[in-house]
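Following: one structure in structure tokens, then a few remarks.
For clarity, chains are labelled A, B, C and D in written order, and residue numbers in each chain start from 1.
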Amino acid sequence: MAGQTALIVGVGDGLSASLARLLHQEGYDIVLAARNIAKIEALAKETNTTSIKCDAAKTEDVNALFSSLAGRLSVAIYNPSARQRGPITDLDPVAVKHAMEVTAYGAFLVGQAAAKMMLGQSAQNGVLGTILFTGASAGVKGFPHSAPFAMGKFAQRGLAQSMARELHPKGIHVGWINIDGGIRNPGRSEAPDNPDSMLDPDAIARSYLGLINQDRSAWSNELTLRPWVESF
Amino acid sequence: MAGQTALIVGVGDGLSASLARLLHQEGYDIVLAARNIAKIEALAKETNTTSIKCDAAKTEDVNALFSSLAGRLSVAIYNPSARQRGPITDLDPVAVKHAMEVTAYGAFLVGQAAAKMMLGQSAQNGVLGTILFTGASAGVKGFPHSAPFAMGKFAQRGLAQSMARELHPKGIHVGWINIDGGIRNPGRSEAPDNPDSMLDPDAIARSYLGLINQDRSAWSNELTLRPWVESF
Amino acid sequence: MAGQTALIVGVGDGLSASLARLLHQEGYDIVLAARNIAKIEALAKETNTTSIKCDAAKTEDVNALFSSLAGRLSVAIYNPSARQRGPITDLDPVAVKHAMEVTAYGAFLVGQAAAKMMLGQSAQNGVLGTILFTGASAGVKGFPHSAPFAMGKFAQRGLAQSMARELHPKGIHVGWINIDGGIRNPGRSEAPDNPDSMLDPDAIARSYLGLINQDRSAWSNELTLRPWVESF
Amino acid sequence: MAGQTALIVGVGDGLSASLARLLHQEGYDIVLAARNIAKIEALAKETNTTSIKCDAAKTEDVNALFSSLAGRLSVAIYNPSARQRGPITDLDPVAVKHAMEVTAYGAFLVGQAAAKMMLGQSAQNGVLGTILFTGASAGVKGFPHSAPFAMGKFAQRGLAQSMARELHPKGIHVGWINIDGGIRNPGRSEAPDNPDSMLDPDAIARSYLGLINQDRSAWSNELTLRPWVESF
């Protein structure tokens, strides 16, 4: 994996840390991009990671991020999302627009830039690279009192499907992962009598790696992950 | 239907004209809102319609539109959409943002304002009103070379689902209609040897009316309409 | 509608009665087929209906039924289903096989025979006939403790989709209707403080008629109906 | 994995062989069950496998199969299916019934028996066992001229969903895998100019193993696998 870069966008939670550690172990050079990189100093040191300040919903920030990348971009993962809860009549239109920009428009900017870069590089095992979007069940079912999250995650899923149908035949693997449940992020864990009612971020990261390592003759474009005790 | 208003947003095509004529026949007072109302002068005269200039993706325009409404808002229909075709790497980010704003954000603004108004009025046959969004198969399946349309229509569908789950139990019927095929708009018709390969806008309008007239004990929240010859 | 036959298979509930009454009003000649026709004597008299004893899961019964039909078969509606509830480990395999045969195999036999008959008759408004299957949310989502019903309704939905894709371009309209909730059948009604928590069979029948009357340029192949207060 | 049994039902193709080899490497004791075990003598010897004659659509055969199992049943995989192609009006009802019995009813019998056995054994890493069903895109979309395959695979998917919702909270992982494309079975391969247009059975098997090894805090209940060049 020498000279193989894995870009992880959005690092405010445990999933990004688990992804960084696992992909670092696998030999990838890790690049973390986030609006607030102060949060990730310790992780960056641990995983020998380059961290870059980036608001993924801004074209110029995304352009600067990709200009700074060295080596072969093997993996790009998009995690950011924004939500706002409340009755439809109480929602602030400004916050709704913001939610769509962070969750879906930023996914487009990063996905487009990653596709451009990957299309210009050589294949390995017949694959130019892997682009993964972290979704949610809100992208499959619009829940009440949660219109902005539904709008953002639905749009992101539509983007991922469109990209998969276009880019799979060109050798770029595109996946949308529905994280159906709460993630056991730092400082947040389930009650002792309800084990595994949250998703372990290390377990999620292993399934992401499974997608990255799939043979191109048997690719998945969507994957749902949920705790064994979660109803659905 | 005296004193019952039907609001139709977006009037650049044959569907809006068919809806205006049919709902006018049914006795509704018609209000047409569009960015370019010059296009609809003849129709407005024919259907005794109030036409209002409105960019549905702008909060202030939507607020002004709803402030001007008189009578009971029985029906609100949202038609506008924007698309941009091309390989993912060629898409203009500005146009992508625009597509999401016209197709999905405007739908939110109009849907929110309609819900606010309907929640404040009295029920008729147990129903406060009906809100319909004109969708497309792009909201169910993200097609290649069409990411912006997929993002907008997916987001719009997520919005409609979230609103239906919240508002049905309050007496507002919310529907998302997947128009799966081309509409036989003015100046656009199929080859004589391929009859009905486009959707007749009058036929679409009758199915919209069917949704409006559904008894609240048996509501549909999504409906797909496609020509008999369309593959799917 | 003179000389137009509407065949309704399965008459043990309020939906079939509502369909018979509404289609009789519309001028169709009604044929009711059921395993137990003693149940429907009064309805048959009221709607001037021919009633025929038929176990729809038996080839010879279905053949006899269709041999007896006179006039033009405009509409065929399939209602029967069987279910068995319980933990997967407690289910009786014989009952599971029975559930699949009543819900799905009978639907195939009736659907096949109706298609054969319709393909041999002349079109009216470009349409050879309409075939409708009464489904349930169990055909979209497999609920726990209800595997046999899920298996039958999923299979029935797969049949309806396959038939729609094949027969729509030939002029036969095929629909699968998801009845998502309990039907207010005779002797079964909701609590006074929970109005419309069951589907009114007359309201369902009106939506079936809406499908039958759709213009072929704008057909629906699936439709969900649920009470306004039903969560989904 | 000592003393851990992996049962594979249906062995007429390359997928079962790949599964047997991979799970044997992982240390499982392999049991292969099939109607025609003469086909698998070489494979059985190579993987030190017990082979058992079994028609999975017959209750008595399935009961005998499970009575003969020794050790802890960690994994049960169901592969058999039957299809029949043709216009709906040409299909033989006997063959339709047969297709449903092989594809769906046999899946029920094996799934039920596996669930019974697993519920009586102790957990390892919190998991009682894994039950996987090999599906197809015909279980998601009913294709024309293929009603029997649609009916069988839809029913099988409904079964798997019902079992997943019931059994996940009890510690049994249930998955339905949509194999969306042709499998590169023995004696069957793609044209040299169209590499990977079929799914490599070894690649499929690795994704099955990925499901088996998922942490229970992040389980998938459905997975689609398709070649990079397959349109969808």
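As a convention for this text, contacts are C-beta pairs under 8 Å (C-beta built on N, C-alpha and C of every residue); 3 or more make two chains touch, one makes a residue touch a chain.
Given the structure is predicted, the values throughout are model-derived calculations rather than measurements.
Counting every residue number used by either copy at the chain C-chain D contact, over half are found in both chains. Inter-chain centre distance (chain B to chain D, centres taken as mean C-alpha positions): 45 Å. The mean-CA centres of chain B and chain C are about 31 angstrom from one another, to the nearest whole unit. Multi-chain contact residues of chain B, defined as those touching 2 or more other chains: 165. Chain contacts in this assembly form a single closed ring in which each chain touches exactly two others.
Chain pairs that touch one another, listed by label: A-B, A-D, B-C, C-D.
Per the touch definition, chain D reaches chain A in the complex via residues 126, 165, 168-169, 171, 173, 184, 195-196, 198-200, 202-204, 206-207, 210, 214-232. By the touch criterion stated above, chain B contacts chain A in their complex at residues 59, 87-89, 91, 93, 96-97, 100-101, 104-105, 108-109, 111-112, 115-116, 119, 138-139, 141-147, 150-167.
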